[in-house]
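In order of appearance the chains are A, B, C, D and E, and numbering begins at 1 in each one.
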């Protein structure tokens, strides 16, 4: 058991939970989107912590690749969510 | 597959396929529609005739089609199914002719005749069902096919009537389904076998089997209009007259009654059912329904409603016959399946004629109608007398055998009073009508004279069907002992059921 | 033959690119792609039927290192259903979207959605499933927002956020599995997973994400507005296929990968939620004022039935009875897919021809649009579960399982749900039969009406009467 | 020897960072805060980078570090300018 | 540095990560939340570095913190501050507030339970010896993968299918934003100083992107980081008020958008038709094919990220633009 790994994974769990809470509780769409992104960051932190093998050892590259994919997917989803939010704002302004 | 395996399928298809084609016909294509209808009906009659001959000579007609592992759609012709199939086929032919005349120039005829044919296909399929699973499928299909017919007129009254009809029958269908599934889990595929199949099950299943019986009978009782499940029937008479005729005489009500016969004889086995003590309950329910329906009919001024309550009462004779242990009672019940059908369809045809020709809907409007429409009224009279049980019309034969059967089974104590009371009540609600029709002076004008008197008292297509069915009712009574008569056939059924 | 799985993903993806690059030919490209993909699905079905489950290692790397596609009876059936439903909806959509710009927007997203559905059904790798889920979610949301109105955008946004929450929870579960077992391949995992503190929370996380996406009561709140405000062909695919894709994953995980991890209590919980969905969804459908909302709530209810199978499957001992119950589940899912798609397409026709879909004002539709009404009726038969629909056979197995295991309460729920379904379907049909003083001549528009009619007929007639091969493909016999 | 020198440089850098941060928290208005932050942080970063560069003893890395510093200088100068200008516009505007 | 120092460093880093996340979620001021989120992204990038994940660090800094933040800020542009409209104009009564309080606490407890369960599960997972099967398989096959950076090998060879679908996700998102409307009008032209920065920063960014793309084969970097950097150049240009930001319009734009998925798919299908597995590169060709795919992917990624930042379709004269004009005439939409 590596302390570092545990510590970072733990922080990932906290971020995940904070994100879920924010996504469920916030009323503003943008804040919800931020919350979901933070949730994602928590999951990524967890995955990278899992990949860590200790100082001087090569980390497992698979979770790194997964997180890279995850980051791009997250930014795509964010972009679409923001476009929807903006359109909704326009529709609201129009009446 | 050879001819024996194809015949049941063809019998069903001979009305199904024309029906499906009719849906796609243009509204104005009257000739093609009539041709298809009649060709299908005649073809079916021919096919059924060959089937009658075959079944009499113990030929096995059976088609199987697997729907899912362990669940087979089986069409199987035995004596009981042939009886019902023949009834449906003959009456379909007659009703089709009647409906063509009745719906002349009415809207949505393609839809009507399409569903009409589907309805008959479902009835025939139900008659030929070789196991309970197949029976349930056609039972539900019958519900679906009749819904559009009841709602056909599209008035809010019709839609409401159809909704009530649907609520009852789907609810009943659901109970039937549960019972069937339950039975399937206990006993596997429940094929209809003369003498029943459940008698061999171990005794610790018996409580469950009783529950299942209750579910099945209640489910079937909805269509058979057993009190208190009859509520839909008087509502459903908003349908056009040919539909009412078919519904009351053949399709729906009879399907329920036929189902009860099947369950008692070919699933449970009448002796096993008696052993479980199930027959008494069924008999009591039937007796109550017989008396209740007759009493209610007494108070209806609307002619079709009076006939509807009469149906409630008369159909339960079949259930009563089923509940009477012994071949004679069985003969009485089974033969009434046919007799009631012929008589009741005559009554509804004539009621439709009064309404279509003169706008008469109520009993109180019928004064002197016998002079204006003698043939129709004669047909009405024959059928009504048959219902009361006056010899030599068909109804007498049924009641005679029911009475004899009850005595043989030692149930005369309560069956006889029911039969007598019912006959008295039948007389009480039919004889005044006959009196009015024949002996009262007509009023100044008919409520709404749609069809003036010409060569015939009404359209030929409306006139002939009731006359023919009335003659049939008379003939089945007069020639009850002739070979292939309903009575002879019912006797054959009873013999095979009791293994005589 | 061996390459067919990858073609099922590559074809619609290529079609999407073609539709993107050549907007004027987008419709033609989409229809051609649709036909080709359907053929591929048929070939795959033939392959699985003759050779059993197929595997395809992408890039030639062994599973684990690379990603493996797998097609067995269930996934192949769902793939074929997807192909048929999407193809029919495509034909309808080619008349629904009439303007060039509408088509230019619609087709690429539509084909991307199809890509994601096929990829999801074929995927044999947990993380790959996550990516396909996101592709599915984003394309579905983008399509749902094409309605353009405020309600559509609002519903789409909520749909997206819920979907993202769900996929993040799923991904967290995937991370946990990787931490505990060091692999993402489903086949390997099915072998090595064991009940314990890693597998349970991982399954819980993944399942809650998927249940959110499959809109299991009480997590269904997002579905009705999203499905009811999307364009009709999109609603059809959302209700028939998209939620079902997530359900398929639940099924895979619970019965296949995590089979020895799940407990009866958890299966009962799913059954309980399913029962809630059946009753609540049907009740809301009965109260709905608009046809599309009715159809959307009906989806909530119908998904509930599928979850009722879980406690039965867990209680039945392995053997023919259990296989039959599983087959009933598959049959119910397939029937619902076809029926709901047919229903939504038919509603789309009504909406466009009558200008509204308010149930109370439908009087006379049966006269005006007989074929469409007939399509609704056929779909309704399947939704209620009446014979001869495939749903009847499915519900038969559900009832038989409930009787067999003595869990009669599921039987009560099923019956109550079916009666409620009959009530909401015939409420519509009653109005459709309602009398109007005969103002309109009947209209038949073949290209618009055939897809709906065929889909409904598939559900109500073909699957029920000629569905025996389905059971064969699932390797079920008695 | 190099270690000591680099430590001193890094410590000095940290000191300037600290000063900049305290300035950000304590100074009264936006302009003075901006002043403290950019000036002190730029210097702090420079010292830090110098200290780290001594550690590496590789010319290429040293050049890269220098590039980092220059980029940050340019970016922070520009952003400080933009912020200040925006603030002034708002003041004169209102 | 010794391990005690490292632990202090870890603790500080983790505290700031959790603190920033907390702060970002605690505020109801949207812009404040976004800026804290961007700061979180930067700190996370340090954490990735600390956990020996430099590829992820680069991507996080460029995409997670940079572009996501830019997107969010651009979206927050029109938002009133500090309170979003939904929460201000919603009338509240006492009972509802009480219910809301209960709900808040219920959700908070639920989330705490979630975190607790996760930690419990992870502790169990970590208590077993780590699984080395997959990393070992990767090092064993690295030579045949065509690249020496294992992360790139996983992304573009072993799990290339994931990456193909991921590019499809990106494309879907942009097509979705296109369907929702026009690009935002853009910004006021920059002043002298900012313009001066832009003049040399943009070329440097483009150069960096090229380098990252090339380096990806053997060192941290790759198409995603490069594409994001390229997009950043566009964002900077956009912020400086330039109208032409390097994006073509019409067919060329669609070509670039489709290029990533298209080239990927083309390579895969070509190999399939040549009798190899889908995306099964011959080892001799693997390096070149990967570079080719990555180049196309970089342009697609850059274009799509930039389009996402624009928030819709840029003005053009092709069919879509005509369509948009039609759209205004058409009352149904």
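Convention: contacts are C-beta pairs under 8 Å (C-beta built on N, C-alpha and C of every residue); 3 or more make two chains touch, one makes a residue touch a chain.
Keep in mind that what you see is a predicted model, and the values were worked out from it rather than measured.
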According to the touch definition, list the chains common to the neighbour sets of chain D and chain E.
none
Based on which chains touch which, give the shortest step count from chain B to chain D.
3
Chain pair with the greatest number of C-beta contact pairs
A-E
Chain of greatest Cα-centre distance to chain A:
B
With centres defined as CA means, the chain nearest the overall centre is C
Taking each chain's centre as the mean of its CA atoms, the one lying farthest from the centre of chain D is chain B
Between chain A and chain E, tell me the centre distance in angstrom, where each centre is the average of that chain's C-alpha atoms.
11
Would you kindly tell me how far, in whole Å, the mean C-alpha position of chain E lies from that of chain B?
72
Could you tell me the distance, in whole angstrom, between the mean C-alpha positions of chain A and chain C?
28
Taking each chain's centre as the mean of its CA atoms, chain C sits from chain D at a distance in Å of 57
Chain E residues counted as touching two or more neighbouring chains
118, 122, 125-126, 130, 134, 138, 159, 162, 166, 169, 172-173, 176, 180
Touching two or more other chains - residue numbers and ranges from chain D
none
Would you pick out the residues of chain C that each touch at least 2 other chains?
127, 131, 134, 138, 141-142, 145, 153, 172, 176, 179
What is the complete set of touching chain pairs?
A-C, A-E, B-C, C-E, D-E
Could you please specify the touching residues of chain E with respect to chain C in the complex?
117-118, 120-122, 124-126, 128, 130-134, 137-138, 141, 157-162, 165-166, 168-169, 171-173, 175-176, 178-180, 251, 254-255, 257-258, 261-262, 265, 268-269, 272, 276-281, 319-320, 322-324, 326-327, 330, 333
For the chain A and chain C complex, residues of the former touching the latter:
9, 16, 19-20, 23, 29, 32-33, 36, 39-40, 42-43, 46-47, 50, 62-63, 66, 69-70, 73, 76-77, 80-81, 84-85, 87-88, 91-92
Spell out the part of chain C that touches chain E in their complex, as residue ranges.
3, 6, 10, 13-14, 16-17, 20-21, 23-24, 56-62, 64-67, 99-102, 104-105, 108-109, 112, 115-116, 119, 127-128, 131-132, 134-135, 138-139, 141-142, 145-146, 148, 153, 172, 176, 179-183, 196-198, 200-202, 204-205
In their complex, what parts of chain E are in touch with chain A?
6-7, 10-11, 14, 17-18, 21-22, 24-25, 28, 30, 33-34, 37, 40-41, 44, 47-48, 51-53, 55-56, 59-60, 63-64, 67-68, 71-72, 74-76, 78-79, 84-87, 90, 104, 107-108, 111-112, 114-115, 118-119, 122-123, 125-127, 130, 134-135, 138, 150-151, 153-155, 159, 162-163, 166, 169-170, 172-174, 176-177, 180-181, 184, 222, 224, 301, 304-305, 308, 311-312
Within the complex, which stretch of chain C touches chain A?
127, 130-131, 134, 137-138, 141-142, 145, 149-150, 153-154, 156-157, 160-161, 164-165, 168-169, 171-172, 175-176, 178-179, 184
